[in-house]
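In the part that follows, the structures are each spelled out as structure tokens.
One chain, chain A, appears in both complexes that follow, with chain B as partner in the first and chain C in the second.
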Partner chain A sequence: MLFNSYFFIFIFLPVAWLGYFALNKYKMVDLAKSWLLGCSLFFYGYYNPSYLPLILVSILVNHAITTQLQNDKNERHKTSLFYFSLCFNLGLLGYFKYMNFFLDNFSALTTIHLEPLKIILPLGISFYTLQQVAYLIDVYQGVAGEKRFIDYALFVTFFPYLLSGPIGHYSEIMPQFESLRAKVFNYRNVALGLFVFTIGLSKKVLIADTLSGWVSDGYLHPEKLHFFHAWGTSLSYTFQLYFDFSGYSDMAIGLGLLFNIKIPQNFNSPFRAGNINDFWARWHMTLSLFIRTYIFTPLVKCMPKTTFGYSMIAMFLAMTIAGIWHGAAWTFVIYGMLHGLAIVIHYYWKKRKKKVNYFLAWLVTFNFVNFTFIIFRSRTLTEAKHVVMGMLGLQGFQFPKMGISFINKLGAKMGPYMSNDQNLQLIIIIVSFILIFKAQNTSELQESFKPRKRLAVLTACMFVICLFGLNRVSEFIYFNF
Partner chain B sequence: MHFIRIFFLTSALITALLLGFIYSIDPYDKYGINVFRFETKAVAMARENKFNMVDHAKKNYEAFVIGSSAAHRLHTDDVEALTGFKTFNYAVQHTTPEDYLAITRHILARAKPKLILFQMDLYGLNENFKTDTRFYTSPLKAYLDNKNQGKPENSWFDSDYFTIGAINDSFKVIWVNVTGTVKHLYLDDGNYQKEKPYTGPLLVTQYSYENYKLSDKRIQLLTEMKRLCDEKSVRLLVWTAPYSLEHIQRIMSDEKVSHALKEFKDVLVEIFGEIYDFTNTDVAKFNSVTYFRDSSHPERELFKVILNQVLNNSDSTDQFGKKLKP
Partner chain C sequence: MNKNEIMDKLAQTIRTVFENPSIEIKEATSANDVDEWDSLAHISLIEEVEKAFKVKFALGELMKLQNVGQMADLILKKSAK
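Up next, the complex of A and B:
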């Protein structure tokens, strides 16, 4: 089920919300949690009920293992159990997400031809697997623990973050469900939730979905992209990805607040970053935290020595893994490697203590990110190469038609780009730049939120405009990962 | 509590106001409401316009014309004069076989046609010629996906009116009527707007055959179109779109494109069994602005010649309109 659909907004959400608070009001706390769990599973299975058995098996196995880990006093036994469960989770993810990628590459590298398997990638598997792996590690290290199945299952499946995060930590989320305050209607949280949800919906419906048409159009025939068109395509995708994913995260945070649950922030104006390390501290923050805590740190510990050089190797490997996590394709591997390499270069630069002008640093960072998003979006490296060639003017340079018809009279070739439709694209790209640099981001807006009448009217206006835009319902980009 | 109350009340109020505004304008003429007595409501793109005209047609059309903008000036009166069939011109701009199959399905879902006249352009089978993005945002798209083919419900809630596009188009309707720039792009029966006679030079336009490669997918779409017509016993008459002499000569002088043209005709013969070839140099005798608006858009006068040939099943003595068979 999509957040940006009439069914979700007008039926599912009110029913789930009213049911949850009604049951809590009559002190049926466990039943309220079960209700929310049931609603979350319905939300998940609404797309395709065949996804349900897998998530249920995953939850059951992980719960059984983590309970055993908490009960077991034998360290060796615990370690074996821990590695078994790690293999189980990664095996599940590996099979559903990477098996065909592996078979393809195996066939390409050897003379043995292996037919791809008919595997449907279950929605959200990357997210709920990461969430459970994080919990598993925390339990193994003795920093978290939960024995009640209902609590654990609700932690994994809570519908606002189930499909695309933000990736929550058990210690962050579950104590909130236990709190007495979470069980009663909280006026401020509901007002703030509606406000944040509307911001997210606007980002998705008004900006990301509008840009998506031009992105698909550009990537359909990348070899035909001229200079302006190529830049338009790549910037459109960069902003589409940001507004789509941060819009989803805002909606998830807003929905969490309606249930009195504070879900962690996922974005903090990433395009204002002056270096690549800063970018990752602001972009998909919960994934960055996961990479740092559960991949980078263990990798550093595995290195022969704790030196700067080894740390950099660990960083590069961690970012490559993060790239692969996004999808089973070489483009994602290269995306991860490039970011890993950029972070390593940044640390070496930082070590030399050379200062760079902020604008120059921002320009380099933004363009690097924009460039790597081309690889991220492309189905093949050839496709990415064409977009980059277009941006460099190597596939032709045609003037846009915008108000410079006199150039035509001089005999210069006028491009097909910048029709009325593409004037709108340019306007949206400019608006996106302004929003990214000048407007307060969602967490800043949340902090300064005051439930005033004027703001309520403004939020309602935005909400209604979005409702009228829901006819072009589209999936969120991160659903693919 | 104020914020939540105001939020919901304002949302409900604005929604009601916007819907009231849209319904009172009725931009797609779905309910026949015209509170402000506007002269025209034709603000949507061709695909939406003609789709709605067919969806809400009061006449029982028996013949349809399918093609690109090159078939815009084929007048339905000329078909009716020769066949006696009430005819609708369903030609829309920048079409490819994706449009043609969707339009055929839409026609078959809404009417009981006896005859379909289909003009096919050379560019349409080129794999590297993109399907118009306007097709994907039009209601025809659902017909390509073979979904949503039920009769439109006579409901007072129309989801097309719960869109930003409808708000936009409502304002457009007001704008074109208030500013007096009313322009009927399509008239009754899908006929093209009235135009002043063209007196300028016959320009070569829409010469776009870059990297021509026959598209297997589009061939399949046309095959499906033919199958559907056979299944419903609809007579399907197919011809290749005529181009001006300069346009044809440019095609012939390019080895790749002239080869593509030959392949294009062969494929059409293979799919439809019999076609009329109007894409050749024997167009010379009609090479003037009386017969062409520009190199790829024939005038009504040329369509009279074409219809005469196609509907009377007469074989041409020269190449122009020659019947091609397997």
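Up next, the complex of A and C:
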């Protein structure tokens, strides 16, 4: 189910929310949790119930194994059980997400032709696998306390973050469902939740969805992109991705607040970053934290020594894995590798202790990120190559019809790929730049939040404007990962 | 070892790892306050701390550390076991 749909906003959410607090009010705490679990599963299976058995099996198996791990005293048993469970989780992810990619490449490299299997990527599998693997590792290392099935299942499936994150850590989320305070209706959290949800909805509906049309147009025939159009397409995608995904995260955080659950921040003005390391500390922050904690750190520990060189290898590998996590395609592998390489270069540079002027550092960082997002968006490397060639002017120049658009009204055509709303595209890109640099980000707004009448009216107006935009309901980009 | 002693030893370890004897370490000091303290330096620091205090941190424990004071608390908790 999509957050940006009438059914979610006007039927699902009120029913789930009222039911949860009503049951809590009558001290039926476990029933309230079961209700929320049921609602989350309904939310998950709404479009396609065939995904449900898989997530249920995953939860049941992980719960059974982690409970066994917590009770078993035999270290050898525990180790084999842990590795079995790790293989189970990665195996599920591998099969459903990477099997066809593997078969495809196998066929290409050998003379044996393997037919691709009919596998549909189950929604959110990358996200719920990550959450469960982190829990599994912590149980194995003896730092995760015991849990009941209902708490565990609710932690995995809680609908605000189930499909696309922010990726929650059980140690942050589970205790919140336990706390008594969370069970009582909290006016401030409701006001703040609605405010944050509306910010997210506006980012998605007003900016990301508006940009998405130009992005699809541009990527339809990348070989025909001229200089300005190529830049417009590429910048549009960069901002679409940011407003789409950070909008989704804001909505999730806002929804969490409605249930008195604090979901971790996922973005902190990433495009203000002055280096690539800083970018990853601000972009998809919960993924960065998981990668650093559960992939990079163990990789460094596997190395023969903790030297600068070995740490750099670990960093490169961790970022490559982060790239593949996004999807089964060479474009994602290359995306991850390029970021890994950039971080390695950053550390070498930092080691030499040479300071760079912020603007120059920002320019390089932003353009690098924008460039890698072309690879991220493209279905093939050839497609990416064409967009880049366009941006370098190698596919020709064609001046945008800024200021002379009136000619268009007389029936004159400006060029084959100059859409009528190009001025609007430019305006939205400029507005995006201004928002990114000048506006407070959602967490800053959250911190300074004071429930005032004027803000309530403003939020309500934004909300209503967004509602009109919902007739072009569109999926979130990160649903595909 | 009590917490003050742990803090002193921790401060010493941090200064050695970051090769900067002038870093002032308080309980509230975090990676954001020290220029040299990035994810790379963090790994070396953890390794040195594990050696110095003869403790082993779990991955999930490292994830939650926000500042030096919390690290000292964790060491205190682990060495008490």
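In this section, the second predicted complex is superposed on the first by the 462 of 481 C-alpha atoms of A that agree within 3 Å, B and C clash if a C-alpha of one lies under 4 Å from a C-alpha of the other, contacts with A are read in each partner's own complex, and residues count from 1 in each chain.
Everything that follows uses one rule, which is that a contact is a pair of C-beta atoms (placed from the backbone, for glycine too) under 8 Å apart; a residue touches a chain by one contact, two chains touch by 3 or more.
Note that this is a predicted model, so its numbers are computed, not measured.
When the two complexes are overlaid on their common chain A, residue A:237 makes contact with neither chain B nor chain C.
In the overlay built on the shared chain, the residue A:194 is in contact with chain B alone; chain C does not reach it.
Once the two complexes are laid over each other on the shared chain, residue contacts for A:468 go to chain B alone; chain C is not touched.
In the superposition on chain A, A:51 makes contact with neither chain B nor chain C.
Of the two partner chains, chain B is the only one touched by A:220; chain C is not. In the superposition on chain A, contact is made by A:453 with chain B only, not with chain C.
Of the two partner chains, chain C is the only one that A:169 touches; chain B does not reach it. Touch criterion met: A:308 reaches chain C, while chain B stays clear of it. The touching residues of chain C, counted against chain A in their complex, run 38-40, 43-44, 46-47, 58-64. Against chain C, the residues of chain A that register as touching in their complex are 134, 137-138, 141-144, 169, 171, 277, 289, 292-294, 296-298, 300, 306, 308, 311, 315, 347, 350.
By the touch criterion stated above, chain A contacts chain B in their complex at residues 187, 190-191, 194, 213, 217, 220-221, 451-453, 455-457, 459-461, 463-465, 467-469, 471-472. Residue ranges on chain B touching chain A, taken from their complex, read 1-4, 6-11, 14-15, 18, 128, 130, 133, 137, 159-160, 162-167.
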